[in-house]
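Okay, handing you the structure first.
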Amino acid sequence: ENLVIATVNNGDMIRMQGLTQDFTDKTGHTVEWVTLEENVLRQRVTTDIAAKGGSFDIMTIGMYETPIWGANGWLVPLDDFSAEYDVDDILPAMRGGLSHDGTLYAAPFYGESSMIMYRTDLMEAAGLEMPTAPTWQFIREAAAAMTDRDADINGICLRGKAGWGEGGAFITVTANSFGARWFDEEWNAQFDQPEWKEALTFFTEMMSESGPTGYATNGFNENLNLFQQGKCGMWIDATVAASFVTNPNDSTVADSVGFALAPNAEGVEKRANWLWAWALAIPAGTQKEDAAKEFIEWATSKEYIELVAANEGWANVPPGARTSLYENPNYKEVPFAQMTLDSILAADPSNPTVKPVPYVGIQFAAIPEFAGIATEVSQEFSAVYAGQQTVEEALAKAQALTNDAMEAAGYR
Amino acid sequence: MATQHSRSAARLMMAPAVVLLLGWMLVPLIMTLTFSFKQYLPLRGGDLGWVGFDNYVRFVSSSAFWPSVVATLTIVGGVLIITVVLGILLAILLNQPMWGQGIVRILVIAPFFVMPTVSALVWKNMFMDPVNGLFAHLWKFFGAEPVAWLSEASMPSIVMIVSWQWLPFATLILLTAIQSLDSEQLEAAEMDGAPPIKRFGYIILPHLGRAITIVILIQTIFLLAVFAEIFVTTGGAFGTRTLTYLIYQRVLESQNVGLGSAGGVYAIILANIVAIFLMRIVGKNLDA
Amino acid sequence: MGQIKLNQVTKSFGETQVIPPLDLTIEDGEFTVFVGPSGCGKSTLLRLIAGLEDITSGHIEIDGADATNVPPAKRGLAMVFQSYALYPHMSVRKNIAFPMKMAGVPEDEQKRRIEGAAKALNLTDYLDRKPGQLSGGQRQRVAIGRSIVREPSAFLFDEPLSNLDAALRVGMRLEISELHERLKTTMIYVTHDQVEAMTMADKIVVLRAGFIEQVGSPLDLYHAPRNEFVAGFIGSPKMNLIKGPEAAKHNAATIGIRPEHTDVSMTEGMWEGRVGVAEHLGSDTFIHVHDTGLGDMITVRITGDIQVKHGDPIFLTPQLDKLHKFNDQGLRID
Amino acid sequence: MARAVTQQRKLINTALAWGIGLLIFFPILWTILTSFKTEATAIADPPVFLAFDWTLENYEAVMERSNYAKFLWNSIIIAGGSTILGIIVAVPAAWSMAFVPSKRTKDILLWMLSTKMLPAVGVLYPIYLIFINLGILDSRVGLVIVLMLMNLPIIVWMLYTYFREIPGEILEAARMDGASLKEEILYVLTPMAIPGIASTVLLNFILAWNEAFWTLNLTAANAAPLTAFIASYSSPEGLFFAKLSAASTMAIAPILILGWFSQKQLVSGLTFGAVK
Amino acid sequence: MGQIKLNQVTKSFGETQVIPPLDLTIEDGEFTVFVGPSGCGKSTLLRLIAGLEDITSGHIEIDGADATNVPPAKRGLAMVFQSYALYPHMSVRKNIAFPMKMAGVPEDEQKRRIEGAAKALNLTDYLDRKPGQLSGGQRQRVAIGRSIVREPSAFLFDEPLSNLDAALRVGMRLEISELHERLKTTMIYVTHDQVEAMTMADKIVVLRAGFIEQVGSPLDLYHAPRNEFVAGFIGSPKMNLIKGPEAAKHNAATIGIRPEHTDVSMTEGMWEGRVGVAEHLGSDTFIHVHDTGLGDMITVRITGDIQVKHGDPIFLTPQLDKLHKFNDQGLRID
């Protein structure tokens, strides 16, 4: 059979496309890819599944969509994997985030948290040493110390780009690490609380001291470029970035990158790291359920990891999905492996903030309205980063629009 | 030339186009209208019943509404002004005798062939990127601080990108119009003692009136719907959220089809206000 | 005020010389008509005088001063174009005011002159219309009005009547002639219609391929065309040109006889032929006679009416004193 | 009558026009150049213009990643199909408007144009649902229909203004000569309007080719055209300027070449009746 | 073959009646000219006959059969349009072949007729050119050729010569007349040029505002115009119409005298006036005489040449037997 798979255009997924011949050889099924940029992909698959379009047999979705769609009954439950697939090998945090009511609805292709990547050489030159679990205050000082505008070196590069999955995700985990939360237990927006103001102010000030020009439009990719070109002292972002910045083919600083846990504000127990997985799911109602399951089993299996390792080396295997990977001696040699695992383990989607919240998810709240709200909120924040409004104005607008949207959706 | 026979034939031959367009307009319009009076949330199970004018009220009372109208009009107005003014100047220049006129014309037309997505990507990454963009290099070369175009000057940047795409169209139409100007009129004005500037103001510009209205009409239709450029560059941040983009956010990002549909109805109303305004001018000019 | 002198003027477009070296003097107050077939360079010559084209070599003098490099607006000439070249978006009043506005003539003076011109040209009722709302003849008058108010030292007309229909053309022709009588300003008038040339000109300049074939008063040209070309060009219907033995009888390569200088009889005459088409105008009858053995068809004009039918035999006798003789280079023999 | 101009004027015009032309064209030129650079040279500071090692690796990478030919073919079919279908529907309508005008002709025309003002995003769900019901989601047929409807008003208008310039007497002559309505349109009107039809075809082909909203949202694996192809290049991880440039070049090259070869028709036909 | 009869035919565009009830019979083989000022309904009438417009009421008969509702192609008529209406994308041959192709005439018969027409119209060398490569006169001939091959029962011409220049017009006029002599087919010819009407017609129909003012042979109209309108319309230069006491002397409201029927003297005559513009054509001289006290300017024609200057006193004497008299309704008094 011929499977149509919607997927995102990141490196791991592209790599998988190159290896599908292996799947076809094994099962006789062919695969057609619809590769889209992340935002386009989300919009596309959401429309399709909500309208029951049936354009795709497999969709690449994330931790945000899976529980919501699973609850709606839009996904085929993935509860009958073969024994050799070893479902229990999937990292519990991932499995939890991709399940609804204990049933797995999407199999993680890879998972990630976020962590600090920093330039050991610059750190040394600044006369500082990175603790394994730094605080925001340290990060800010270190960033200021590493900044050298003349040499085009920014102490720290962070996401400021509007969009819930971009700057929105980052400011949310930052706020978490300052003790803030999106909603109280009655679904009231919390942007009027001091923690948010503290977090946003801190972030904005630090970035204007030590961040790159125009960081208000920087997302993952822009920062990756900057870091690879040696223009950043530190970068806090997805753990998967580690393999890119340490890859000497692309990165000019490959041999001087260190890793540390994402920071927290002094005295706050939550750290600024998230949890995310790109996972494969089958929309309910597809005619090709069995073949689709076969594919998912192939793509998220241990064998696939080995296949990649054999072709591209261990540093390039999809990380963050399986416990066994981190027990593999070959993989342990990869410099960022342990820190990735530690970061993932430090994230707890069902208990993401200091104060209690009614939602699941660390850098998002797994409710259908969140993407829309968070995108607009992050746009307000980006306007702060670009110097177009103050922190107070942005928070006030965020508060208003969030409450408004929640009301529209019937939460309040 | 109109016999009974040809008139009925004409009606028959109009029919396919009219029926198709009527369907294309009415079917989605009726569905949009229906949705707009409903709580329609695909992610919460779709149609959740009638809610009267709630969506309409909510859409306008949202803090994003008026800024989006302003953003829409700014983009439409800004691009129109730039393309028409530069288009006129370029058309005049291209109408002069020169060597390699055909090639220059090709160069000037080229942006029109570029997909909006591609043009937005190219501008955003290769020119306006504050670190690696060509502008940043240029600014640094002259010792200036690179500008973060898409955040610090978001609206002008988008207007610029869109203008770049539409300038060829304006230039082409205006060029054809200028070429149709009877050169004897210009010579008459010259004999009458009008220097070049006055010849432009008194003869060329009035002659272009009709062409300018056409440019405005056609471009407005397309500019009201500008989407890809914003989606790719700012994602609606920094005050570049147009009405179209706001609807997009409501429908696709927030998955609130009811609210978005109400927005769609507002957009239709806005478009029609603009249209009526335009038709007033253009309609008159089209008669001649 | 209004003498124009061309001195060895030439004009080439790229490689092709359209006007070979040419000398011409137009006297003050004279009504000069340039006439010639299409493409012979009439418009080009006029535009050289106007300054709308640069002269390739030679000199132009206006009122004794070298004007070769003076821009058109400064030459003090006014031009009326074939297409009228009215400004379509301005009212008649504004059209007429335009040159004065450009020259900075005071408002009330403008007004005075506009009214004067409008009255002279019968345009008073139309001053507030746009050119699009006028008939062809009215447009032509506006174009003339626009020229008049500048009080130029000479008017240049480039086929101003060729877009009008026959009846109107006759009327406008008269109006322009009367205008000249009144203003006594130099006028240069381009046409390819020899009737216009004959009826309007003080002096006709016949051009062919940029060369001046003959310069003279209309009647000079009618009575003594310098060569076959002018002979054939001036006069309507055309002069009958006869070659061969009949011409040899008169010691010429070609003889010419005008239709109005041939006597007709049904019974006897010098040449015999058969009636082709007879055109009865009431005032005159034109008979086209075939099969005379003289080569082409011969056309004759009879004043008043004569009853002839297609195919009737007919006899023609040329008035010998009105015969024109040309040598084998086509030049007149006297 | 065109006025002869001095060589010096011409020289200044030429320099100015070429300067501005190149400036306008520069983004495209730069994209094309960048597509032949390595990723590192693509972002080099100071930028390099021509003195770099030309490489085809970006094109190879793009070809390897996606089935360019398929996207291209879909683009051609969709843009071409919608244009041809549009012309077939529009010619009779434009004939009626141009040669049998009535008081309502202008209203109908303006109404047609106004249908283009419906914001596409607002009707995505309705159209999506209709497409699912008709079973034409992710099919070229569906897109051909949508794009045809999208462009129909413009096609009708362009043809109408073009036809209006054809003297009605010629059609009457054909009628006197015994041609039926069909023959009149087929043998007389259409051949006479070829330049106008050509530029209409061209303009609408371009518009359809570049249409990104519907083509992206209504396609998946089968019918995706080049707009969808480019949507997978907008931000891959790591340095991507060169690959983006290669993909962009591939997406716009066909239409750019087509446009350049036929710019005469495009220019001559783009009068929209505006200019006479 | 070719009799056309209009029976109480009317035509309205919307509210405005352009043709009031009208009866007219055109006999087989006749050359009929519709003449009248612009906008009087000539084209409309022709198009009603052709079937290009629907008749509002009334009947049209062609060769005795009711053709009111017959579509244009079936009426067996051929039309030559003012703009020639050639198919620009077809060669001359294809243009001429088109009606035959539509009628399904066999290929070799088509060929034969095309060659016949081409020879008759001097088009043989141009058969493979496109219309764009032809001169105005040649285009007109192609348009005629296209009509001829259909062997229609009547030809309809709508101002076929108005786009040609003066010289060509004269030539084409002759060709059409000769064609009619040869084919003897009914022809209906629309023009607003009275010279064309006079020279070509067997029968002239003078129209004004949709009404038929007079029907008759050219010379009937010239010698006995039924009313002032026809009197002023037929003849060139125009008949001088004089009202007031001078007319009253002849017991008429208006008297008319043609320019060619007025004798001129420098010394004595019935009316005295002053020379305005004198137009010297060589063959004739037209003198426009002012200040006669008869109202308008009087135009006279003198055969040959006469030397007069602007402002000279001049005496005119009408030939009394050629005087036309009209009553106060403008109708002829005999």
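As written, the chains take the letters A, B, C, D and E, and residue 1 is the first residue of each chain.
In this section, a contact is a pair of C-beta atoms (placed from the backbone, for glycine too) under 8 Å apart; a residue touches a chain by one contact, two chains touch by 3 or more.
Chain-to-protein mapping (UniProt): B, D = Sugar ABC transporter, permease protein, putative; C, E = Sugar transport ATP-binding transport protein, putative.
What you are looking at is a predicted structure, and each value in this text was computed from that prediction instead of being measured.
Under the touch definition stated at the top, subunit A and subunit B share these contacting partners: D.
Chain pair with the most C-beta contact pairs: B-D.
Chain centres here are Cα means. That of subunit A falls 90 Å from that of subunit E.
Distance from the subunit B centre to the subunit D centre is 16 Å, each centre being the mean of its Cα atoms.
Distance between chain centres (mean CA atoms), subunit A to subunit D: 39 Å. Residues of subunit C in contact with at least two other chains: 52.
Multi-chain contact residues of subunit B, defined as those touching 2 or more other chains: 1-2, 42, 132, 184, 187, 252. Touching of two or more other chains is recorded for residues 43, 47, 51, 225, 229 of subunit A.
Listed in rising order, the residues of subunit E touching subunit C in the complex are 38, 162, 165-166, 170, 173-174, 177-178, 181, 192-193, 195, 198-200, 218-219, 222-223, 234-237, 258-260, 276-277, 279-284, 286, 288, 301, 303-305, 310.
Contacts from subunit C toward subunit B in the complex involve residues 50, 52, 72-73, 77-79, 81-83, 85-90, 98-99, 102-103, 132, 146, 150. Within the complex formed with subunit B, the residues of subunit D that make contact are 1-3, 5, 9-10, 13-14, 16-18, 20-22, 24-25, 27-28, 30-31, 34, 43, 45-47, 89-90, 92-93, 95-97, 99-100, 102, 106, 108, 110, 112-127, 129-130, 149, 152-154, 156, 168, 171-172, 181, 206, 209-210, 212-213, 226-227, 230-231, 233-234, 240-241, 244-245, 248, 251-252, 255-256, 259-260, 263, 266-268, 270-276.
Residues 39, 43, 64-66, 124-125, 128-129, 131-132, 137-138, 216-217, 220-221, 224, 228, 231-240 of subunit D are the ones that touch subunit A when the two sit in their complex. Remark: subunit B residues 182, 184-185, 187-195, 198, 202-203, 206-207, 209, 288 touch subunit C in the complex.
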